[in-house]
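Two complexes are shown next, each including chain A; its partner changes from chain B in the first to chain C in the second.
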Partner chain A sequence: MKNFTYVMPTSLEQVVELLPGPRDLKTRDRVKVLAGGQDLLGELKEHLVEPEQVVNLKGVPGLADLRPQASGWQIGALVTLAALEENTSLRASHTMIAEAAGSVGSTQIRNQGTVGGNLCQRPRCWYYRHEQAVCIKKGGAECFAYGGLNKYNAILGGGPSYIVHPSDLAPALVAAGATALIRGKKGERTVELERFFTLPSEGAVTRENVLAPDEVLVRVDVPAMAGWKSTYVKFRERSSYDFALAAVAAALKLDGGKVTEARLVLGGVAPVPWRCEKAEKALVGRKLDAETCRVVGELALEGAEPLAHNAYKLPLAKGLIAKALTKLASA
Partner chain B sequence: MSDAASPPEAKSSPEPRSGSQAKPALTRRAFFKGAGVVAAGGVIGEAVSAANARAYGPATLEGTVEVELDINGAKQKVTLEPRTTLLNALRNHCNPPLTGTKLVCDRGSCGACTVHLDGRPVYSCMTLAVDTVGHKVKTIEGLSPRGELTVLQQKFCEHDGSQCGFCTPGFVMAITACLERNPAASLDEIQNACSGNLCRCGTQPQIFEAALAAGRALQAKGGK
Partner chain C sequence: MALEPLRTQDEKPPRPAAPGKKWIRVTKAVNGIDTEVWEEVSDDTGGPQWGPREQMRLVSRAVPRVDGPDKVTGRAMYSSDMRLPGMVFARVLRSRVPCGTVQLELEAAKAIPGVLAVIALNNGNVDWLGRPIAAVAATTPEIAEDGLRAIVAQYEEQPFAVTPEQAAAENAPKVGSRGNVRTLSKNTDSSEVDDALAKAAKRVQGTWKIPVQHHACLESHGVVVDYRGGDEATVYASTQGTFTIPGDAAGALGLKPNQVTAVVEHMGGGFGSKFQLGIEGDAACRLAKLLARPVHLMLDRATEFHAAGNRSGGEHTLEAGLDEKGQIVAIKGRVTRLGGVGQGSGHPIPYIYGRDAKVFVEDRCIHTHTDSSRAMRGPGHPQASFSMEGLMDECAYASGLDLLEIRRINLPDSRRELYMRQLERCAALIGWDKHAFKNAPDLSKSELKVGIGFAIARWGGGGNGQCKVEVRVAQDGSVEVLSGTQDLGTGTRTYCASIVAEELGLELNQVRPRIGRSTFGSANASGGSTTAPSLSPSVKHAAHNARLALFEKVAPLLGVKPDELEVGLGEIHVAAKPSQKVAWKDACATLGPAGLSAQGEWQAHLASSDVGGAQAAKVQVDTRTGEIKVLEMVAVQNCGLLLNRMSVKSQLQGGMVQALSYGLFEERVIDPDLGLFLNANFEDYKIAGVREIPRMTVEFEDDPRGVIGMAEAAVIPGHSAIANAIRNACGVRIFDMPLTADKVLVGLEALRKKG
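Moving on, here comes the complex of A and B:
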């Protein structure tokens, strides 16, 4: 790890002052913000980033607040995954968010890892994580996963990069209709969390979200979900702890056994949390039986283009969707 | 790791155990540590308190700095760099060195470096030492200040909960935190508590038995 200057600002004004300018795309990684550090320290140790300055956000008051509101929840960027997982009222109202938080990493990682860090973490693709592999994510010319070993890569939304977004919280928060509060040099802005994440074909291919070099994620606001039932179902190669091979965040409103509203977002299959709007529409008015699970699974994975080594993700994701819906039917 | 202020250590060689509290004459570790301090001796910065930050701009640590860490209930001034991990600080910058916390993967994957930060188990290899200023760190050495075994450690012995023993401190720290919160933790909860710890010898079944037995013993003693 290269040495750096460590800065401990005590306000968001100071934080954004320390960040590069909004258009300093080439030099943006000279300054990195530190939250829980569970992703950043890995990047520093592998020399994927070598910042001159590391700006610790923990001195800024209020960023770790987790507040229930009449209109929903305000989740500060520095709220730990453990705090989300352990909050019993959040678990009751937004089950999928608590379940997703609890499925991240290990106990040790959840005790330090934060919501902001989980949403802004960099990809886990082994080509990206390899110091010597200058892939398209790191400004190189090609995605080595595309023609290489791509067991863990995208089956949906890929190209020109085929990473999958590694966050467990992202699908659950997108399914909950969350918005992201962002602070930059020019002030605050809010973005629907679904629009926060960018496909490599539409945003900068070396980034995974809309944050400009001068911006930092401050808070996530989650609307109330009265009358909804939700769950997060994740499949991992190692049961002790691991990133998702595929995952499903599902939320439903039911009336007399029939679905009246639905949200379905997949994790681990695309460069962004993958919203399945067609499948959501198809769910409305249906009973949660085997036929519904089959139809919804087909629609959710429509357009999937597996690479050489990841076609297993298709039946896996369909199976997880069926599992999630069946779980909600009996919840 | 290429941390200039602290000499690299052979990852694979567990250090020889010194029997009691007796001060070793000149160990390889002590020699390197001394050499490191001399080499780093030039620039010693000063931590500006957060309270002053508003008036003078944010506190900044640059180069080699002296910070005060709170380890096992005692405050200790250590000289290190901002990039120094807590694990590195414990093993190579503290006096005496706290080498019960083990360096294995150095990537937050194996749990051998688990310590408590404000009572919660964390990976010390994925924590910057400077980021723990103002927080309480507890290492395996701090579990029993007088050197006696804790209930959990006794149960590890009784149930044969270690083979090579290199992962043991990490497991003990992870499970201790779990039992401190809930001595009646179920097998599921115990497994979850140490799912971030690896034992390549495969002693998990005995570790779980030891943890459950310790939980029962702690409950019989009324919690602690």
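Moving on, here comes the complex of A and C:
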């Protein structure tokens, strides 16, 4: 990796002061913030970013706090995935979040990796990760995956880039209706997590979220989910450690076997966590039987446009939806 | 010794053995490719004997490896762990393009503080992707890395062919000068087989595709060269052949081979990819010569993937003709080896099967602008096994026959008893009798389905006479066994000590094995599972000679003749009267200060060759997600005298794990348009992890023969059994590895459409 200076500020004021200005879009990567480092170190070693300065967030007090509130949970950006995975009351109230955290990488990665880092991590697409492939994500002209080896790429929401968002936590947190607390030079702002992530056709194609160059993700607030049951079902090619080929975060409120409220968000199939609102609506009032699974699966994948090598993600995602719903029906 | 290359179908030696000689099947590296050959060796059965196995204390027992504690605590020094005074770190730059020319400007790199030397590694012609083109030595690895990036490489890129389709296309860019598509088999007349196929009651066919696998050694390729000027050098090499190093290194260092010592204390995996000094080792020697300082050069992981060899891929189009009873009467095949710029190992189709069948196989290779394949554990056999075992199961299903019955019918007479015994034992271990789908796959609509698959393996595993071993007994009673051989993690050190300890009546920890140094007695390179059958008889011989020499010294003390003595535990006594004895220490005290040194050479009668094994896999397929879960694997293997039951078991389990990983995950991925290696890392080049490993049961057959190498047999059948189990579980035949969920889902969809 290229040499850089390293600083460890002790307050958020100092952190944002070190970051570029809100409009410094072209030079934003001159400064990178470091949390668990599980993604950033790879990017540095592969020369995908060559910052002049790395700002470690670990000196800022309070960022690793995981606080239960009457209104839900406050999850600091530096809370580790292991802490989420192991919190038994979170697992009871927001099962899908704990399950999603527990499905990330390996034990070592979860001990080190953080919530903020997991949500802000860059794509795993092998073209993006290859230094020589100057793809559209890196300021180039085309998405090599589109006409290339795209087994692991998007079937929904793609274009002009076809990455899939690699986060496991994101679908679960979006399904939980979480909001992101963001700190910038001008102060704080709050964004629904669902709006935090941007499609390549909407936002800057070289980014995956709304963070401006002067901003840092500080906390995620998750509303209480009394009466909900939820689960995160992830399919990995290699179960020892792997990113999702497809994943489902599903949350339901049930009354007498019938669904009264539903959230369904897919991971691993689109450049953002993919909210399936039509499918959610269709679930309401239905029993969780095979026919419901079929209908919901069809609606959830509506509009999917598989590339040459990833049509399998359609039956896979539908199969995972059926598994998740069946699991919740018997939970 | 006469050497005859073994052709695919050579079941028998080329001619009868001369008086006092016998033929054995051994594997040797011929032009860097493991090749099976018939070797004529002495049939003399005098001299040392292994003796009755039930009386053995150490050999043929389960003994924890002597270097285990060193390895798990990190005390063991691997080549890459070497640190020397004044040592510098080197890195190599690889070509970004598969084909073209490159001009290098090295000045900017040389100007970086801490960069000590920058050299070009070839003449500027690049003919495969990732070929090393320059090397940098610097005071730290990081600065060396910076140096690489500062080299200005100007490429003139030429059209390339990185896939077989590109290479075989009309007007394809040329790979080398021999032609992109080369037919290697001589026979072009398939008329006899065509006739037999035409008359067959049933015909079964398929095209199997086999990806390129990587050795993925945890310790990458490389060396630490200790040269500080003068006329001597030591090369710490991560190699499978201690004695392949000095000659190669001497050339690069401008020294004579006997001025270079190779040291291989511990090495972190080779699997067939580490036989010579290599481009990287050569670069390290050149830098050391230039700087007169020790140089540490180990490849980084990406370069390891690009430029350190691989298992050749392949494409096998096979057709079998069957009679009404399910006997294969004809096999016609086209075997394409994909070895990059290399030829690739032969894929011996029809693997073991095809009793009495007419066989025609067109054997060819297609060259691409990618790194040459190298030998890899069981070269060619896992590839051949994949398609042939698949074909066997398809023949069974086409004929409505039990998966074991089709094998019984089509195994050659000479091997039927062995393999059917092993297959039936595997079947019993894995619960075949309770399995409902013996002669047809499970096509029911259930979500979770379980299937079973079988496969078999054969390997030569004979020894050869390249090992010279010394056993030293000192006046204080301490014992050393010395051989230049290398331990690839197979347990060589342990059996060197245990054989000597057994022979001299000592405990294992009383014998110190010293290996991995070219100043010790010569030894063969570890290829073709030949190390144990070559080395262990030589160790036994040396220990035997040491015992006889000691008896000569001790006999007068006890007033008997040497041949009246025998060893007991920690003593030497009169065979007829064990109470008349000398303790080991007292016996050794009779030796002068120089102690005793005994030499050993290979004893053909203590080794044997030709191993066979069968494996079975039980697999669960989730038809909703395509998930493949291997629930269980079993193996039954013969392999002569087991030098150490614990390490042989590990070898077999390791082979099963490696085959499972090959089957389920491993595949080199190169973008055909960009010419970029997309998964040259341990994230995207997937290898099985701990959660993928099923319950594994390993059994050995009681085998009265001498020592035989079996490491390669272990890796041959596993992936084939898994592929067959998937087909048995859900009806989907996956013709191309890796065997992944997406292919199951696509296959299930196709089955549904077919109704």
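Just so it is clear, the second predicted complex is superposed on the first by the 331 of 331 C-alpha atoms of A that agree within 3 Å, B and C clash if a C-alpha of one lies under 4 Å from a C-alpha of the other, contacts with A are read in each partner's own complex, and residues count from 1 in each chain.
Here is the rule we use: a contact is a pair of C-beta atoms (placed from the backbone, for glycine too) under 8 Å apart; a residue touches a chain by one contact, two chains touch by 3 or more.
The shown structure was predicted, so the numbers you read here are calculated from the model rather than taken from an experiment.
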Problem set entry | Which of chain B and chain C A:Gly37 touches, first, second, both or neither | first
For this session: Report for A:Ala311: first if it touches chain B alone, second if chain C alone, otherwise both or neither.
Result: second
For this session: Would you check which partner chain A:Ser240 touches, where first means chain B only, second means chain C only, and both and neither mean what they say?
Result: both
Exercise. Of the two partner chains, chain B (first) and chain C (second), which one does A:Gly319 touch, if any: first, second, both, or neither?
Worked result: second
For this session: Would you sort A:Gln14 into first (chain B), second (chain C), both or neither based on which partner it touches?
Result: first
For this session: Quick one: classify A:Asn111 as touching chain B (first), chain C (second), both or neither.
Result: first
For this session: Give one of first, second, both or neither to describe whether A:Thr190 is in contact with chain B, with chain C, with both, or with none.
Result: neither
Exercise. So, does A:Thr5 touch the first partner chain B, the second partner chain C, both, or neither?
Worked result: first
For this session: Classify the contacts of A:Tyr127 with the two partner chains as first (chain B alone), second (chain C alone), both, or neither.
Result: second
Seminar exercise, completed: Overlap of the chain B and chain C interfaces on chain A comprises residues 2, 240-241
Exercise. Considering the complex alone, what residue numbers of chain A touch chain B?
Worked result: 1-11, 14, 18, 34, 37-38, 41-42, 44-45, 54, 56, 58-59, 82, 105-109, 111-112, 240-241
Exercise. In the complex formed with chain A, which residues of chain C make contact?
Worked result: 96, 146, 149, 622, 624-627, 664-665, 669, 671, 673-674, 676, 678-679, 683-684, 686, 688-692, 740-743, 745-746, 748-749
Problem set entry | Residue ranges of chain A touching chain C (in the complex, touch as defined) | 2, 47, 124, 126-127, 129-130, 132-133, 144, 147-149, 151, 235, 237-242, 245, 310-313, 315-316, 319-320, 322-323
Seminar exercise, completed: The residues of chain B that touch chain A in their complex are 1-4, 50, 53-54, 57-63, 81-83, 85, 106-108, 111, 114, 117, 120-123, 125-128, 130-131, 174, 178, 191-197
